[in-house]
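Next come the structures, one after another.
Each of the next two complexes has chain A plus one other chain: chain B in the first, chain C in the second.
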Partner chain A sequence: MVTEVVMPKMGYDMTEGTIVRWRKDEGDEVARGEVIAEVETTKVTVEVEAYTGGVLRKILVPEGQTVPVGQVIAVIADRDEAIPGLDKEPRADKAAREVKKAAPRPQEAAEAVTTAEEEAPRIAASPVARRMAREQGIDLGQITGAGPGGRITKEDIETFLARRPAEGPKPAPTPVAAARAAAPHDIPYEDRELSRIRQTMARRMAESKRVAPHFYVTSDIDMTELLKLRKGLNELVGEGARISVTDMLVKGAAKTLQEFPEVNASFAEGKLRVYRRINIGVAVALDEGLLTPVIADCDKKSLREIAQEAKEVVERARTGRLRPEDFTPGTFTISNLGMFDVEEFVAIINPPEAAILAVGSVAPRPVVVKGEIKVAERMRVTLSADHRVVDGATAARFLQRFKVFLEQPLHLIT
Partner chain B sequence: MPMITYREALHQALREEMTRDERVFIFGEDVVAYGGAYGVTSGLVKDFGEKRVMDTPIAEMGIAGAAVGAAMGGLRPVAELMTINFALLASDAIINHAAKVLHMFGGQMSVPAVFRMVGGGGAQLAATHSQSLEPLFAHVPGLKVVLPATPADAKGLLKSAIRDDDPVLFIEHALLYRVKGEVPEGEYLTPLGKSEVKRQGKDVTIVAYSKMTLVALEAADRLSQEGIEAEVVDLRTLRPLDMDPVLASVKKTNRAVTVEEAWRTYGIGAEVASRIQEEAFDYLDAPIARVAGVEVPLPYAKNLEQAAIPDANRVIEAVKQIFSRAAA
Partner chain C sequence: MGERYDLAIIGSGPGGYVGAIRAAQLGMKVAIVERDRLGGVCLNWGCIPTKALLRNAEILSLLRRAEEFGFHFDNLRVDFSVAVKRSERAAAKLSKGVEYLMKKNKVTVVTGDARMAGKGQIRVSEDGTETTMEAERVLLATGTRPREIPGVAVDGKRVITSTEALSLPEVPRSLLIIGAGAVGVEFADIYGAYGSAVTIIEMLPRVLPVEDAEVSSFLEKSFAKRGMKIRVNTKVDEVTVKADQVKLKLSKEGKQEEISGDVALVAIGRIPNVEGLGLDGLGVKQDRGGFIEVNAQCETSVPGIYAIGDVVGGPLLAHKAMAEGIAAVEAMAGIKTKRPDPSKIPNCTYCSPQVASVGLTEEQAKESGREVKVGRFSLQASGKAVALGDTEGFVKVVADAEYGEILGLHIIGPEATEMIAEATMARTLEATLDELHHSVHAHPTLSEAVAEACLAALGRAIHM
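Now for the complex of A and B:
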């Protein structure tokens, strides 16, 4: 049976991948599940497995070449089986040609706005808004469009202009200054290449902030019982299967999301898209940047299973051996900077999710108990939520419940 | 200024032009004793005689062909084709001859004929008697296509059409004949090929013609109560199309809606919207909306007929849509 191996989609916004290395040659026997190639995406290098057994009859994309997701990269068949259309350029080049044809440069010869706009995904803005932005030297990426589909309209530009002189210091550095400063600085500098992960991060985080109206809710959680439970559990399961605080937070979040399905959702085309699976991403910091491998169906997995999976997937992330299934789309993310002694912080939502939980360090802190100051192990978490999906009360109730699960941690093993 | 009906305005135009120029004559079905299917020519035979006001058989192709011939021969015929639906039968004479004689004869002779007819529906005359086929004719180089919306425009445009040396399709609307409006006294002409702003506004440009101009004005009044000031531009002539007031308006309002009784696909709105985006692209803040007749043969049943013809509600809906902001 002839099987086409296609460039797999490994990630929410992956559009193409590069063949780094073929681990099998034409004519080699391959077994189902055997790794046949290493593919590099914008984020990592991933191993691609054969989904059927047979002979790797034809390699269609050489090492070093980049092809779009879905394009056929190899053919597996029986040794003597005839493979139709092999000599012609099959869907491969045709697909590539169609991709090129379908991506015309729209109009705007005089689009000297910013370089950021050229690389970033296309920003929807009405013609008059574009012209006004051009004339006023405004970077469209700074503006949140309130028109249909997030389109930036004249009103948005006018609002921006009206507010501009009165604006105080911004939380993030403004690209406007960068756009305007075409003239060189006097400060000596060097430009460093950004890793593909960081480039992707830059784009996605900027878009997340631009599109989703973030708001933040913080909760201070007593970790005494949870730490006790963790110690007890780890004595039971032994060294190889240690359960971390993060694993327990994942389980806690999963249980909370079960009760708050409206937070396990996305703002999709004007509707609330509530997901039927609870897939939680755990942020992992690598030298090259931030990755969030996903643990699927956290509500259906036990603490042990979550801990096991988390350990494996984080290991794969660190060694650049992530698999396609690690890129199952997530519905919620947890980011933990506690190990860096960070008391609390605020995270940027991973689009298209509705929320992200930023976790601080667990540390002994003074608390007031029945009018007296005591010391307890406390941890601060901050939920960043997309106000198009979640309102303040929901976010607050979500954290309240989450806190209950952590402060009465036996819930995590029921 | 006197208030007279659209019908009376047309009648006055015919009378004045026949008085002024004895080459002008009228012929068509039932224009003599009956006074014209819509009563416009009533009484003219008394003052101008049977050689200048003539009945014809029911033969639209013959009427149009005779008009072309008479015009080429030096007369200034005003042929009545009763309705645009029947003008289809005269297509060959209108499109292949009237429109092309000037070119094909190297400028040696022109066809100064006026083809009067009624277009549009709403009187339960059903599918084959209610069409708005002006897009078909406006498509043809060599023809002029005029559709007055008001009595004042009806009189001034008909007089200009009769004096024009090119073939003019002068399309009236059955439901406008009884509409009264102010018409200047004395001699005046309204130029062909000139659109007019019928109502000023700053928030959205509504482009319309014929009866839809009145619909647009009604919609504009109601929108005004909600704080949206619409500018209404009456095209008046579809060919040659005067886009200047439309473009000036869109540059001011940044939004446009076209309204026509004809069907949407390949219609007048399509042409107007196309020209707006060609020449005022950088002024558009929203896509251009087109309101048009529902794409069905016009039904006979009154409720269905009303549902198929654009009214002020549909225009208001279209305006609000292009003002809509993203769902919060």
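Now for the complex of A and C:
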């Protein structure tokens, strides 16, 4: 039987993928479920498995090439089976041609984006308005449409753009223009290709800072009890299932979010979208960039389950073996730079979430207790919150409650 | 004290009667004043009867090439008077239709000449008697009439306007048409088909000067092939009426010439019907051409007095008047609305081949300082056009290079006036080339050419 292998869709916003490596050559036997290729998306490297067994008869997309989701990348068939169309037409070449053609054409790339966007929350806007918004980095949710039924038209975008310099930051110059401006001719430089993960990170972080008005609230937390508890727990569970400070922070954040659903939310289409699941992303720094695999339903999982899952997911992230389910949309993110001896820092919100918690190191520091200076294990956390969704007092109360959970850590295991 | 109305509409052309119906739907008590026939120029002396005559011309042209299709006529007899009667019947039928619609919507129809005597005061005179009515608001929808050449009397025999051209007693052997706008070329088509030797004289450099230059030049060639003489960049200096002839003195780039024919049709544009309305007394502002000035809600400089359609200028089109009639009445009712944007109003000329367009010409788009992408698709490559035996024409799209917005779409060819609806929708929705070519077009249809033109603009037409 002739089976076409297509570029898989590994996430709701995946539109294309790059073949990193073929693990099998043309003519190799493949078993059902066997990994035949590695594909890089904007977020992650994933493995493509054969859905049927047979012989990998034809590789249609060479390594290093990017093709849209759904495009045929290989053909599996019996060894001597005739493959219709394949002999007549060099499809690999054709695919390559198409990709090459697509690259210099923003027009066609934009079409792919449009398709992806249609799955996002629906905002009534004209095609031209959508395209302008996309290219100018405008969140359509910020705009009130003057067209029929509140439809956003070109005129609305133009009005918004005309007002923007006065009210908000100017649109960031395009990367090309910025690079030109930033590189005086007499300084030697090299231009490095960005990995797709980094491209995504650059786009999303810039968009977040531009669109979401950030504010920051910092709290200093006594970690003495938590460290004691962790020590005790780890003696109990043994080496293989050790619980990290981050795991306990995830649990603490989940419990706090349960009490503050408005922080477990997004600003969407001018409304507050409160999520019914608590999915916490944990930022993991990799050489290729930053990844935030998500642990789903943290409120429903025990500390031990969270620890186990976090260990696996971080390991998969480090080895580039993340699975699509690791990219369940998150509702909150924790970024811990404590291991780098950072006392405190502020993080950029991971859109469309409403807040991110930046965690510094746990270290003995002097504190005043009942008028006396004492030394205690302290940790500073800073919550960055989207002011469209969360106000200052809410953020402050959130941290207050979070602090209670960590300073009285029995809460985390009850 | 006369009868009181929420709204008095002066003029029952397409703008007026449509506005009346919409006002009635919104619960207003409406009166409409008409001095002649319900339906105005459009129904009685314009769009409708000319389309009836053009249909005759189309059938006749087809019959003349019937042998191509295997039909042979030994003695094809052509009776122009029946064509005229048919067009009159069409007009009368639709005028009756408007009468019915007024009745159905409980709109009071008042016959006579209307004059605004003061704010909210309208005097209607008919045959010397005058009645008064009061209206909260007034909607002026008085339209336009053919512009005449100063010093040249329209006698209805040798020198005529479009009105007389509808019902000539016989087909003139030779017809001189002054003005190559929509009216001029449509009558050129009609009388050309019926055998008149047609000469078209246009002051501007091309026929249908509002259309894209490529379309104009295509039409000019098509007409020339049919044996018409077309003189552009040519001025008419003098018109002399003789007993059995009319003589025109022409000048082109300083060179003078004299031509003569049986009949001269003056089709050099239209002027607003504003006389006797009492505009000055109320201070209603007009522009230099006499057209009434209005804002985006069709309200004039005097609050409570609105104006729509031809009398406010802009493209002189029935569908523009209808859209404005609705907008004006809705604005009165407090509904948020705007006059239609002229760049989203289609322009149609029903000659053969038909011409239709919406939005900017290539030249206008470039003048606006934009980078543009242009795509063309010839009907020679259209399966449907080939099957019809009617491949004369093309579709041309003008799009913004940055965002792909359809800025203008121009069609010349069979059914162009029906095909333009898709492009108008594209303009209204602010569609880009992508939506237009992604939208699946039935095969075989002429409208496939629209999608192909869009693909051509992106450098990837399929059938070309």
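Please note the rule applied: the second predicted complex is superposed on the first by the 245 of 414 C-alpha atoms of A that agree within 3 Å, B and C clash if a C-alpha of one lies under 4 Å from a C-alpha of the other, contacts with A are read in each partner's own complex, and residues count from 1 in each chain.
Note that in this section a residue touches a chain if its C-beta (ideal position, glycine included) is under 8 Å from a C-beta of that chain, and two chains touch if they have at least 3 such contacts.
Note that the structure is predicted; figures quoted are calculated from it, not measured.
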Check your understanding: More residues of chain A in touch with chain C or with chain B?
Key -> B
Exercise for review: Classify the contacts of A:Pro188 with the two partner chains as first (chain B alone), second (chain C alone), both, or neither.
Suggested key: neither
Practice item. Could you look at A:Gly238 and tell me whether it touches chain B, chain C, both or neither (first, second, both, neither)? Key: neither
Practice item. May I ask you to decide whether A:Thr153 touches chain B, chain C, both, or neither, giving the answer as first, second, both or neither? Key: both
Point to revise | First, second, both or neither for A:Arg388, with chain B first and chain C second | key: first
Exercise for review: Check whether A:Ala129 is in contact with chain B, with chain C, with both or with neither, and answer first, second, both or neither.
Suggested key: both
Review point. Is A:Pro366 contacted by the first partner chain B, the second partner chain C, both or neither?
Key: neither
Check your understanding: After superposition on the shared chain, which partner residues are touched by A:Gly145: those of chain B (first), chain C (second), both, or neither?
Key -> first
Review point. Both chain B and chain C touch chain A; at which residues?
Key: 126-129, 131, 153-154
Review point. Which residues of chain B touch chain A in their complex?
Key: 254, 281-286, 324-328
Exercise for review: Would you mind writing out the residues of chain C in touch with chain A in their complex?
Suggested key: 400, 403-405, 429-435, 438, 458
Point to revise | Residues of chain A touching chain C in the complex | key: 107, 110-111, 114, 126-129, 131-132, 135, 153-154
**Study point:** chain A residues touching chain B - in the complex, by the definition given at the top
**Key:** 126-131, 145-151, 153-155, 270, 388
